[in-house]
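Data first, discussion second: the structure below is written as structure tokens.
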Amino acid sequence: MIPYYREVGDEVEVFDLCYKNRLPLMIKGPTGCGKSQFVAAMAARHGRPIIKVACNEDTTASDLLGRFFIKNMETAWQDGPVVRAVREGAILYLDEVAEAREDVIVVLHSITDHRRELYIDRINESLSAPESFMCVTSFNPGYQSGFKEMKPSTRQRFVTLALGYPPPEIEIEILIKMTGVAPAVAKAMVALADGIRKQPQLGLRETISTRLLIYSAGLINGGMHPRKALLHGAIESLTDDAKIIQALKDTAALHF
Amino acid sequence: MIPYYREVGDEVEVFDLCYKNRLPLMIKGPTGCGKSQFVAAMAARHGRPIIKVACNEDTTASDLLGRFFIKNMETAWQDGPVVRAVREGAILYLDEVAEAREDVIVVLHSITDHRRELYIDRINESLSAPESFMCVTSFNPGYQSGFKEMKPSTRQRFVTLALGYPPPEIEIEILIKMTGVAPAVAKAMVALADGIRKQPQLGLRETISTRLLIYSAGLINGGMHPRKALLHGAIESLTDDAKIIQALKDTAALHF
Amino acid sequence: MIPYYREVGDEVEVFDLCYKNRLPLMIKGPTGCGKSQFVAAMAARHGRPIIKVACNEDTTASDLLGRFFIKNMETAWQDGPVVRAVREGAILYLDEVAEAREDVIVVLHSITDHRRELYIDRINESLSAPESFMCVTSFNPGYQSGFKEMKPSTRQRFVTLALGYPPPEIEIEILIKMTGVAPAVAKAMVALADGIRKQPQLGLRETISTRLLIYSAGLINGGMHPRKALLHGAIESLTDDAKIIQALKDTAALHF
Amino acid sequence: MIPYYREVGDEVEVFDLCYKNRLPLMIKGPTGCGKSQFVAAMAARHGRPIIKVACNEDTTASDLLGRFFIKNMETAWQDGPVVRAVREGAILYLDEVAEAREDVIVVLHSITDHRRELYIDRINESLSAPESFMCVTSFNPGYQSGFKEMKPSTRQRFVTLALGYPPPEIEIEILIKMTGVAPAVAKAMVALADGIRKQPQLGLRETISTRLLIYSAGLINGGMHPRKALLHGAIESLTDDAKIIQALKDTAALHF
Amino acid sequence: MIPYYREVGDEVEVFDLCYKNRLPLMIKGPTGCGKSQFVAAMAARHGRPIIKVACNEDTTASDLLGRFFIKNMETAWQDGPVVRAVREGAILYLDEVAEAREDVIVVLHSITDHRRELYIDRINESLSAPESFMCVTSFNPGYQSGFKEMKPSTRQRFVTLALGYPPPEIEIEILIKMTGVAPAVAKAMVALADGIRKQPQLGLRETISTRLLIYSAGLINGGMHPRKALLHGAIESLTDDAKIIQALKDTAALHF
Amino acid sequence: MIPYYREVGDEVEVFDLCYKNRLPLMIKGPTGCGKSQFVAAMAARHGRPIIKVACNEDTTASDLLGRFFIKNMETAWQDGPVVRAVREGAILYLDEVAEAREDVIVVLHSITDHRRELYIDRINESLSAPESFMCVTSFNPGYQSGFKEMKPSTRQRFVTLALGYPPPEIEIEILIKMTGVAPAVAKAMVALADGIRKQPQLGLRETISTRLLIYSAGLINGGMHPRKALLHGAIESLTDDAKIIQALKDTAALHF
């Protein structure tokens, strides 16, 4: 079953061309805007399995490539996700790759080279990525501090696709499709989200995502009053600042 | 036996809907306000065991998922608390999750995804969380420095519930129920606590909690004078500053 | 044999009530004021063994709980001091607990919970603390920098007892009892100590402790001149600043 | 097959003399200017295999020299890339060597000494580099912060070759040769790149590379409009700043 | 053979009393003033072996207590220097103890307690220090930055002895005794040293030590001109600042 | 074959006396001035093998002393370079010792003590250095930041020899002897080097070394034009600053 994905711009064309030309792709965009959903849909579209790694500041090359384990007095090699993806010709999806440790770059360089070869020194094995293998990474420019910024020598190895929150009419469509919430409620929720997103003076680290709207819609469907659903499903997840929470509740009250 | 929990707001409704809709829940609130008590009561309400992990800055993914141990020349896998919780369909409660190391995020992402799947690479096993599994996390916004703040991409994966200290009449009820202290004493203690909580100029890192009131009531029940009981059971635990301690003792003396 | 301890305030009552009510106790006070002596005396009073751990910034949960060791090709589990204390129903005394690493907090939470249960994942064993088990911690507020400060969520888990240096008449009594020094000498030493403690302008990181007076008395008993005994037994241990050393020697010369 | 490389200056003469005189060579230049391509071409020219290591801040001496692995209860030594290069008399290419950890310097010193000897203590083996062995390193002066700067005692061990982006007429030639893009398109792309490279006021961490032009040409060949191809193939990879992206898009629109 | 040591003040009396009263001793003083020589002489005087550990910022409790080693498939325990000292009743000398890591404090606490007991958890063995065991530590107050300063709770566990460079007439005597240099040369060297030590405006991190005078005398005895001997044996070891080196050479030229 | 070394000052006398008197020697001087060459020549002069360790910030005591390795289920001890040097009575040369980690100091203390004994706890073996053993260290004062500065307590354990670049007439002689370059070319190169070394306003981290002149002469001998040879063999290795590179090229053009 192909996961639901509602195209907003030319993202499908970009993905298809990268897949065809075997170019690595980097997707950038804010949290909860649908990056993972998009990659899942594209993987299904091309009939390939997807192998996803949520990178973090402890992710190392070994986490990606694999490790030896000692089992019952014998050593066994366990492929890591990157090696599995190369072997299976899967879509490898490294989520928030900018968070990973630097030695992950070695791996990225190997599989984004025009040779697309991976040498795993521990098992002395060289793998050539099959045609169906594709490397997709994502990161969130909103977090880019000087410290964690990806080096240009890494970024310039990828075709880059910028995603954002969908425009209102599409976000309404998504909410209805994914949660079955009433159209009027979806419309009011998106109007509220749109208003919040246009208020940078709120000082939110990240603004309200499509995912939080989906959560809130889930609570509403369960019988909770929309104001309370938005408070627990979205507002309290956005900030801990009492004044901003009150401002967001007041804004929500205008729509419901 | 269902642990005693006195509802203050709509927290039970939120928990029930999350449990039903399989949404992950984050509880935020100050120390000793009853977060753990609440989760224990909810777990009992839904007839599920609770598996609790007190996270700290050394908590890693392996602490949560499990490890191989070498025992008598054979390797044995030991499930970590998260895996046990998924296997048993338990309520997993990650206390002060913001303190954990970053690689814990990988685990959080897996079990809060709509797929609710956990892949444990070390034993090459994929687990699907049963319907009864629920992931609950807590953190204390009072500690949130820039360094330890949870990333929005993690926070926006949870429905969020904010708890606080109960209003006076309920806190009195709780004290009496849990310690058997005399109503007049409970009333005086809560009046004192209420006064302290309203004095931000004291500069306490965190104010007096319900737990400290329960401790003090325990000392009083053991025969100690309330002033001394509050000094040792609460005031000295709040600060090391001689002037503030004196101010708190003076305040306490007004009530007893 | 019950170790000598001279009560100063209500510390014995506090300890006894905590022991009876199974409340964890935190003792705060300056170095060498008798914290360890007090705990040793209380353990003897209740007829329980004492297991003491001197915490430091490298102390981890494994240091407290235990470890597997490989011995002659078999693995053997070695209980750590906390597990031994729980098994034996001993008084566990974690000295300078604020110095320990953060993952020690997990252990503290378990054994200070009202459940007083300890789950040792490595050996998959759950221990319930017997009634005679008590957790006592100590720290020195004089060291509390922002970095090492204990988190309120940990501090509020303890009944707290503040100890200080004993008042002059009692400190004289202690010196005579513990070292056999002549009463006149003891009196002069305590007068000197009292004078030094009242001079914050000296800028000592910590002032002269009862322990240093006991050391100096030992040197005097061995035949050393009191001025020299105080120089080597106390003053040179307090500071490396030549001017302050001279000032302290001058002050000592006024008493001897 | 000798990889395509279009000489720009005297780089081939420098490489040949270093190869003949057995002098180690350091290549410095911006990302994606063809450093790796050049080394691959020179290795082929001299008929030697190339062994490449993408250094990063976790690269250690063991990564370069080799390790023992436990396999089926026997230990086996696995040569690292440097040892393999010395044994085979290959061209060793340490990419972005300034990123590696300091203990890599030991290895660099050994193989750049006039003795060109490598002692691998773990296997107690001394290797003399054959005549055909050559050590080539690269780094990107654009990244040189004080922290990561190579020490003069290391830098002064290498003959140094500075590479840059090729002049327009040569870059056009390269684009056509490597991607088969239409000459007019190649010309317009290089004109655009040239314009961007001459605008330091854009504040890009690194400017547009030849590699990104090749990526963009690939998308154009796949049927994408040049403006969109340049947006995804180059501009979005250069920066996340909305204003600069717009400025770059406007500039691109002038050429297409 | 008792090593040569020339007493300067009351250091022998202090050591003897500590040895007799089983009090731990801390010696503080500048580099090369004879601390180690003094301890070696005292150990010989009391007929005890000396076990010395040069502490540094990587010294851990395991370095002091011991470790398990795997030898030929059996594990063997190797006593560390502290355990050997306790077992043999030796003089344990921890040089520059302030440099060691914090977990060394655990060990210090155990062996400086009035119980003088050492529990080695790894081998589950309790050792009582015999009467002849003594713990001596040293540190150099000249290095005491806030970071490395010993905590008062550790310092107040020791009787403290401050050593300095000997007065001129004694230092001359030492030089002659230890190197056989001519009295006139020794006199001139000490006059020079005395002059340098009285010039804080030179800004030397530490001034010229007795050890450097002994080195220089050795070079002179080997036939080198005193000016050159002092340049290489002392001055160049004191600083890398060309102006200060010239100033010191000029001063030396006044004496030779 | 004794390696070529051209004495500049009294360095041979200093080395010989230290060797004879068994005093440890520290050589300080800028990069590429011939420190290693000098030590190699002195080792040959005294007929001793030289064991060299290029220290770096990851060098630990274990790197110097040795390690246990597990080989085919047996443990084997592998002597480190220091132990090998002591066993063989070799010249141990620790290059850039100030870069090593602090625990290396333990090793330095042992082998520079007047006892010259090395206790290797792991194999419980005590080694006395034979008469022919000598410890030589080097460091580069130009790098001495406060952080990496050697502690006076370590520096004062060595006789110190300061080396610099040779005066012009000697440097010309060295260039001709070592590369066979034409005298006129050597003269012009040294004149150029001399000019660069006298221009501190260039802001070079380190100035042009004799080694770089030797490299450049090698390229000239291979047929490269002197200006290009100096650009690649020296100038580009000195700096990445375009303006300074141009200034150095202009200066070079004045001589060739």
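In this document, chain identifiers A, B, C, D, E and F correspond to the written order of the chains, with residue numbering beginning at 1 in each.
Criterion: contacts are C-beta pairs under 8 Å (C-beta built on N, C-alpha and C of every residue); 3 or more make two chains touch, one makes a residue touch a chain.
Every value quoted in this text rests on a predicted model; they were computed, and no experiment measured them.
S.K.: What's the overlap between the neighbours of subunit B and those of subunit E?
M.R.: Of all the chains present, those in contact with both subunit B and subunit E are C.
S.K.: Hey, which chain ends up farthest from subunit E, C-alpha centres compared?
M.R.: The most remote chain is A.
S.K.: Just send me the rotation angle from a CA overlay of subunit B on subunit F, rounded to the nearest 5 degrees.
M.R.: Here the rotation carrying subunit B onto subunit F measures out at 180 degrees.
S.K.: Examine where the copies subunit D and subunit F touch and state whether the two sides share over half of their residue numbers (same) or under half (different).
M.R.: different
S.K.: Return the distance between the CA-based centres of subunit C and subunit D, expressed in whole Å.
M.R.: Using C-alpha averages as centres, the distance is 60 Å.
S.K.: In whole angstrom, how far does the Cα centroid of subunit A sit from the Cα centroid of subunit B?
M.R.: Using C-alpha averages as centres, the distance is 30 Å.
S.K.: Give, as an integer number of Å, the spacing between the C-alpha centres of subunit C and subunit A.
M.R.: 52
S.K.: What residues in subunit B touch two or more of the other chains?
M.R.: 70, 73
S.K.: Once you draw an edge for every pair of touching chains, what topology comes out, line, ring, star, complete or other?
M.R.: Its topology is that of a ring.
S.K.: Starting from subunit D and stepping next to subunit F, in what order do the chains sit around the ring?
M.R.: Cyclic order starting at subunit D, direction subunit F: D, F, E, C, B, A.
S.K.: Could you list, by residue number, the parts of subunit A that touch subunit B in their complex?
M.R.: 31-32, 53-54, 56-59, 69-73, 78, 80-81, 95-96, 99, 140, 142-143, 205-206, 209, 211-212, 215, 218-219, 221-224, 228, 232-233, 236-238, 240
S.K.: What does subunit B use to touch subunit A in their complex?
M.R.: Per the touch definition, subunit B meets subunit A at residues 10, 13-14, 17, 20-21, 23, 26, 28, 60-61, 68, 70, 73-75, 101-103, 105-106, 109-110, 121-122, 124, 141, 144, 149, 151-153, 155-162.
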